[in-house]
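A, B and C label the chains in the order they appear, each numbered from 1.
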Amino acid sequence: MNSKSKYLAYPYSIWMIIFILFPLFLIFLYSITLRNANEIKTITFTFENFAKFFNPIYINVLIRSISIAALSTIICLFIGYPVAYLLTRINEENKGLLILLFILPMWMNMLLRTYAWMTILGNTGLINSFLSFLNLPKINLLYNNNAVILGMVYNFLPFMVFPIYTALNKMDRSLIEAADDLGADSFTIFRKVIFPLSLPGVISGLVMVFMPAVSTFVIPRLLGGGKNILIGNLIEKLFLVTRDWNFGAALSMIILIIIFISIKILNVLNIDKESGISL
Amino acid sequence: MKGSIIELKNIVKKYKDVKVLNEISFNVYKNEFVTLLGPSGCGKTTTLRIIGGFEIANEGFVSFEGENINNIPPYKRQINTVFQNYALFPHMNVFENIAFGLKIKKLKTKIIDNKVKRILNLVGLENFEKREIDSLSGGQQQRIAIARALVNEPKVLLLDEPLGALDLKLRKDMQVELKNIQKTLGITFIYVTHDQEEALTMSDRIIIMKSGNIQQIGTPINIYNEPVNSFVADFIGESNIISGVMKDDYQVNFLGKNFECVDYGFKKMEKVKIVIRPEDIHIVEKDSGLLNGEVKSVVFKGVHYEIGVISKNFEFLIQSTKSSKVGNTIGLYFNPDDIHVMREV
Amino acid sequence: MKNKVSKLYLSLVFLFLYAPIAVLVIYSFNDSKSRGNWGGFTFKWYLELFKDRDIKTALYYTVTIAITAALISTIVGTISAIGIYNMKTNRMNLFLNINYLPIINPDIVTGIALMILFLSANIKLGFSTMLLAHITFDIPYVILSVLPKLKQLDKNITEAALDLGATPFYSLRKIIIPQIKPGIITGFLIAFTLSIDDFVISFFTTGSGVTNLSIEIYSMARRGISPTINALSSLMLAVVLGLLLIINKRTTLQVKE
């Protein structure tokens, strides 16, 4: 049975080549060629697209994307870790219900969730209408970096909470009791027992928030306005408006590299958990 | 060969350049209960799986009723298997499990119902048809596994340590039941176990294996009384194994003395190993036996006392219904035909 | 003290999560278009929603693509998972590494990559390209669900089936697939959910007027606040709430059994 069954996967392997590998290869190809490469003979390989990137404007976009994404990720960590911890401490009957309630917003369409903040933060939105009602001046809450960060945290918080919750849930309670028995106070117990054991979950959470945060274009578009664009918006514009596929492809490669680097870094930190490295 | 239903010839099996089976050859006769016996890793399960068709030998062949079945897949062999962990289908109930093979043969519903009913009676689990697998105890699952295999009326049944997970009492009961079933149905059983007592109890013949080689083939009495080497002697039953020298035919020398024995055909002064069973050594008055010794330990085992005696620097293990006291000096006596001489392995 | 602080904190977080949604729901009944005033309770935005052609088209495409893509990817994914399960380790790892690329890659890269593929091959963007894209990112999740269940299978059970006379295909149908059924169903549900909710990949791989709910909401939202979206949000919330309650009831029933 074994020898023949493996052929069952071969049709899909062809699919993978066509729809997964080849498209990525095309991106790579576009990133190292120039626009007028319509005839095969005029193909020249170049790093010009990447060189274009080293322009202060674009570098700023990259830096802004990474910092906003990183900031949102950290905020998610600080808000989300206690949530995950408290969720594990709830008694069994309510636990299911509360987790369900926590998941519910996640199931709402991501665009609707982002749009929801537009209605709260906008000039004619809830907060400003309330302020006008009190005859107070309106605040520009929307269409800036803070709104984008708010949108990211709001959308990605569950992705931070769940891996940490899973890791904490799996933890052996008797370890805490043993530490307690040996005389450690709560803070030490957290620092030396709970946090290190939850580290794999934390790493997962960091990856699962940072990745979509650094590459999203919906959130900055709806909440950030047209001015302070992030790298996701830039890529979208290059492909759909400017139609500079080559430069867009180069930027896509750069995003891929950023993501793979961050995963590598975080994995290295994970391996070192045995020796007690702290973030 | 006449009367043999399965024949293995020079079977070799390798896992990544390691020879797990080294030219295994033996016959299995119709209606006999044959046991492959040996320690973990000796290759007995691999041999069984090759007979069943789940492994393919690198060299050699297996024949069934005279025909080479090397390339015949398991579902085409008239052989069924009882697995060590029962391997019952968890998503089916008892009836569906047992009827599985019959449905494949496309038998009529009524016939299937009858056969399942009868086999459940045979294994003592009447009316269990609708039960779910996870509601059964280990012993019950065991018997369903046996029923599922037997209902297909195979010519040969392979059993891979089927009683391993059962507690002692249940295991002993099942041993008797299995033997009865085998005799009643007249099916050839090939049984694998590492438990030598189990093998001695149930088998018509035993094949002892070690590290991929066959050590000895014979009836239980045969193997117990005439182990062919010290491994077999040590593996089957308790033994005292002493190094010695064959002085002449019917004369062997060990522990500094000559003893009369019943073995012959060895070279003069050939180095040999002598086996004496603990129950064959009798405790007598000091100086009235063949050797003197000092009692080192006495353990009550219910059926007998297990007494450790040191004589001429050799620690004898004696099983006797008579007790003794630690520190006593006693005499040891054994009959010439209780001295078994074997070649050095 | 600890308890009170914990409860307060959790409540704040839940408030943060639900406040925007609550605002949407409340204002979906607001007669006045502006956020500030309460113009009276009305269902008119819901009526406008039902009359809205674009949204109905979007809904149609969303559900059709989601069901079709989920079905196809579940079938292909399950069969492929069985194939992968029988591969030697090295080849299996290579296969899986490529397979999981769509999961690891950001949506925007996957979407753009597929768009480039289709346009370079001169295929017009539309329903089929969107469907192909959905299948592409759904199948890895199906494999992710089914493969662990295959690895958990007791090897002896499949051997027992063969021993009793079943051909490998019969054994696959009657023994293997029933045992991995939970994984197959989970895979289908995950694929369906992902497809229903997808925005980025669909955005880049569709055209010719084919759209889905997320894309529709995006275009409406870019034009500004619209009460019809509020009505849509309330309805979707109701559906999601209903689904989750049903799932919750079923799992508690199963636990009780």
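Assume a contact is a pair of C-beta atoms (placed from the backbone, for glycine too) under 8 Å apart; a residue touches a chain by one contact, two chains touch by 3 or more.
Keep in mind the model is a prediction, meaning the values are calculated, not measured.
Asks: Assign the assembly's chain-to-chain touch graph to one of these shapes: line, ring, star, complete, other.
Replies: Line.
Asks: What is the chain whose Cα centre is as far as it gets from that of subunit B?
Replies: A
Asks: Find the most central chain, measuring centrality by the gap between its CA centroid and the centroid of all protein CA atoms shown.
Replies: Ranked by how close its C-alpha centre lies to the overall one, first comes C.
Asks: Tell me which has more C-beta contacts between its two chains, B-C or A-C.
Replies: Output for the comparison: A-C.
Asks: Would you kindly tell me how far, in whole Å, the mean C-alpha position of subunit B lies from that of subunit A?
Replies: About 62 Å, centre to centre.
Asks: How many Å are there between the centre of subunit B and the centre of subunit C, using C-alpha atoms for each centre?
Replies: 58
Asks: Measuring centre to centre with CA averages, how many angstrom lie between subunit A and subunit C?
Replies: One centre to the other, that is 18 Å.
Asks: Using the touch rule from the top of the page, what residues of subunit C touch 2 or more other chains?
Replies: 162, in rising order.
Asks: Which subunit A residues sit where two or more other chains touch them?
Replies: none
Asks: Hey, what residues on subunit B touch two or more of the other chains?
Replies: Residue numbers touching two or more other chains: none in subunit B.
Asks: Which residues of subunit C touch subunit A in the complex?
Replies: Going through subunit C, the ones touching subunit A are 6, 9-10, 13-14, 16-21, 23-24, 27, 34-37, 76-77, 79-87, 91, 95, 98-99, 101-102, 104-110, 112-117, 120, 132, 136, 139, 158, 162, 168, 171, 193, 197, 199-200, 204, 213-214, 217-218, 221-222, 225, 229-230, 232-233, 236-237, 240-241, 243-244, 248, 251-252.
Asks: If we count contacts the way the header does, which residues on subunit A are in touch with subunit C in the complex?
Replies: 1-13, 15-16, 18-24, 26-27, 30, 79, 82-83, 86-87, 89, 96-98, 100-105, 107-120, 122, 124-126, 128-130, 132-133, 154, 157, 211-212, 214-218, 221-222, 232, 235-236, 239, 245, 248-249, 252, 255-256, 259, 263
Asks: Quick one: in the complex, what on subunit B touches subunit C?
Replies: Within the complex, subunit B contacts subunit C at residues 52-54, 73-75, 79-81, 83-85, 87-91, 100-101, 104-105, 148-149, 152.
Asks: Which bits of subunit C are touching subunit B when the two form their complex?
Replies: Against subunit B, subunit C makes touches at 154, 156-157, 159-167, 170, 174-175, 178-179.
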